[in-house]
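Residue numbering begins at 1 within each chain, and the chains themselves are lettered A, B and C in the order written.
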Amino acid sequence: MGPLVGIVANPVSASDIRRVVANASTLQITDRANIILRVLSALRACGVQDVLMMPEKSGIRRHITRAYERAANLKEDIFPQIHHVRQDITTTVQDTLKATAAMREAGCKVIIVLGGDGTHRAVVSQCGSIPIAGISTGTNNAFPKHREPTITGLAVGLAAMGRVSDTIAFEGNKRLDIKIGDRADDIAIVDVAVVTERFVGAKAIWKPKNFRELFVTFSDPEVIGMSAIAGLLEPVSRREPHGLMVGLTPPHEARMRLNVPFAPGIIGAIGIGEVKHMQPGVPVRLEFPAGTIALDGERELAFDQSDDVTITLVKDAFRTVNVSGIMNYASKQGLMKVN
Amino acid sequence: MSNNPFPLPKEKLLEAYTKMKTIREFEERLHIEFAKGDIPGFVHLYAGEEASGTGIMMHLEDKDRIASTHRGHGHCIAKGVEVEGMMAEIYGKATGSCRGKGGSMHIADLSKGMMGANGILGAGAPLICGAGLAAKFRGDGGVGITFFGDGASNQGTVLESMNLAAIWNLPVIFVVENNGYAESTSIDYALAVDSYIDRAAGFGIPGVTVDGTDFFAVYEAAGEIIKRAREGGGPAFLECKMVRFFGHFEGDAQTYRAKGENEENRANKDCLKIFRSKVTKAGVISDADLNKIDDQVLARIEASVQKAKRDPLPTQKDLLTDVYVRY
Amino acid sequence: MARNLSMKDAINEAIDLEMTRDPSVILMGEDIAGGSGGQGEMDAWGGPLGVTKGLWGKHKERVMDTPLSESAFIGAAIGAAACGMRPIAELMFLDFMGVCFDQIFNQAAKFKYMFGGKAETPVVIRGMVGAGFRAAAQHSQMLTPLFTHIPGLKVICPSNAYDAKGLLIQSIRDNDPVIFCEHKNLYASMADVPAEAYTIPFGEAAIPREGKSATIVAYGLMVHRALEAAETLAKEKIDVEVVDLRSLSPIDMDTVIESVEKTGRLVAVDEANPRCSIAADVIASATEHAFKALKAAPIAITAPHTPVPFSAALEDLYIPSAARIADAVRKQVK
């Protein structure tokens, strides 16, 4: 078997309350399946013959199976062979976690991820040193860059086939590690937000008066979500070693207020407190007494006075595929030339 | 700061738990009584799905209308219909909510905004559009909520109603209680579009999926949706993913399920256990408080069964009444 | 003050008066205003035959064009009725009942009984019935027996403009679900109609012609065929009484039986198909209750047991004629 590429496609991203409160997009299952089909033909065009996919039963697999049947009937040999991870399907984040772990064990060269920040976060928690390539299909998409998936597929294909050196093909990324005493250990890849809601409930965060603290691995004024707050204060690239901490206050109590697109379709005034750099490897203890920690845009962990909460920035924590670097290299070296 | 992290005060949490527990014990008891052969007809139990109906109904007032399903006992209880009348109705007694003329599948109490359980799948959706229309004409801020299962979600009535609600911007919420089975047929077989969010989007209606075993997830999402609908924000679609503890109807051998599925659901997807664990861990309500409610609920269900068994049957004169207001 | 008015205008006037009187009366249906959402005129149609023309101009948002989704809007009308409104839903052709019958016979008709008397559903579902328009099998039926069969529904079918207005106002004010059947071939028929609102109670038949030697029971368009037959028979010295049922559920069997007891002969005319028809029902009931008075076997004159044909040559044969009715009476008096 040649190089194996993993694909994790979350069929249930983009379904939270933000469709109601903020007109957030839906991405239809058929569109998700079509994205994967485009990626698959790009991989095959680069010589990748085998793909390992996360199984799901929300329709993606059915649509892809039908497309494969049609291609076979039309005698089109354009897809690699799909293998599915053998695991029970729970239609929860467990599927992503288990499938990613299985892909790591199977020795995948790269894992392609379809989802928003939440799905990417789940994959990063399990992928170890295997590089990931993100395709944005979620609601909050600060981490995966918007790009035609065919191009992502080509870049992954070239990297997986060893046509590009690792130093060009992959780059290191920062991560935030969250510890709540001994009881919880988690990560974020873009932002950690502390909000006053003290229950997880519907998960999404959309009420700025409840925002209290923000930690980001990078900040970019061009992206959506909590990291946009930091991005509009002080951009920090994904490659710089430090992150950013921003104190947030209810808007009416703040000295400085900033109009921020903190969720798709919601631009609201956020009260800004102190802005500080966050140095890698140095744990920051959370001062705020009780609330919920939202990881990459979703409430995940409730905590109170009795908890000791620390947040640590980790650099070079995981690798991503440098699509832009690979494609520019491919252009210079003529990698796509047909003999 | 209060030590209650939840979006409801303690007494409301207790109320929610009482409702969920009442539904659970009502259904568990019917399961037993049905097996004894004391209950006539068809009975469809809501056990396992309590967080959905309760999480939604906690936001509703009497002026808000719901249209329920064949699996309607939970909706009735959550909407405030009296348990004693319901039990008597299921036993076919003259003292029942519908004087013994409706039975399990047709319990209604319009004074509570409960427009009826319904033996016809998907039939509640058009009716609730009418309720939404009436609320809109009255301008009373009322909302209409139609419940249907993943099976009935494929009825034309539901799809037509989604279109109608969207074009008339009705204060109507479509709630699919997705327990994974249309009677015995898996949703994985029967749903072409695969995602309810996709389907709602096809009608220009925003859709939300929540974990229907988590009362707080349902409560928060439903609260936002209902508040918007009251204020003119139009229809929305809510998918509550959940599990059904029993079969489609009582007497269903459930051989279509995977091995161990029911045990897994009871162990890990029990919305009452999940609720209890959350509120006790947060230190807001003690196990003792909840146990006390459990005892009260059990006693109430026991009394309602005993009363239902004692109550008189309807008589010949009841056969001919209530067909028309005037004929 | 009475004016000479068409049945179509009488129906329009009844709706207008009730909408003006009672703000809970709303009107909905496909194209009942027409032009909604388009670039052209609003109220472009007023229904396919213009029956509701002008009502949108007077009552605006209470007159609602609906999408072509009979289950949804008929169901919405029923739901709104259960929530305190008095909707009038127009089904255009009552043949379309097939696509939304569940909402009518399983929902509206049963709420009161199923819910132990605690629900009221004051909805009116009106639409066109009857043949003679060359509209073929799916736009011409007389489905009155189907509706009449269902406990909980009231079924009305007027034969003239005066009755149409009074019966429709009664239907709107009535607290039970009413199926109001308008014969499309009677829309243009003229009668003296008072300008003010008035009601005609349900379950009261009319006797448009008195006679002593035979009773013809009919409703809707067939009343006119019966009167035509009576006119012919009068020339043959056969003195016929015509009973116009007007309301099929409830049905005024007392008047029918009284008439049969007087004449001793019964011809029941029905534009519906013969099996389980209104005619069959009337004959069965009269036979049971006035058997001794009968001097001849009652005769049912109905459409044949076929769908409504398209070709004029066939449709004219399908619809019961005055000649067939007259022949039946002649057979009885012979």
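Throughout what follows, contacts are C-beta pairs under 8 Å (C-beta built on N, C-alpha and C of every residue); 3 or more make two chains touch, one makes a residue touch a chain.
Just so it is clear, the structure is predicted and the values come from calculations on it, not from any experiment.
Averaging C-alpha coordinates per chain and comparing to subunit C, the farthest chain turns out to be A.
Taking the mean of all protein C-alpha atoms as the reference point, the chain centroid lying nearest to it belongs to B. One simple way to say how far apart two chains are is to compare their mean CA positions; for subunit B and subunit C this gives 40 Å. Per-chain CA centroids place subunit A at a distance of 36 Å from subunit B. Chain centres here are Cα averages; for subunit A and subunit C they lie 65 Å apart.
Against subunit A, the residues of subunit B that register as touching in their complex are 1, 3, 5-7, 188, 193-195, 197-198, 201, 206-210, 214, 216-217, 219-221, 224-225, 228, 236, 239, 241, 278, 282.
On subunit C, the positions that touch subunit B within their shared complex are 24, 26, 62, 64, 66-67, 69, 71-85, 87, 102-103, 106-107, 110-120, 151-152, 154, 174-176, 203, 250.
The residues of subunit B lying in touch with subunit C in their complex are 65, 67, 96-102, 106, 108-111, 115-116, 118-120, 123, 125-131, 133-135, 137-138, 144, 156-157, 160-161, 163-164, 167-168, 321-327.
On the side of subunit A, the complex with subunit B involves touching residues 11-12, 14-17, 19-21, 23, 26, 28-30, 57-60, 62, 91, 197-203, 289-290, 302, 304.
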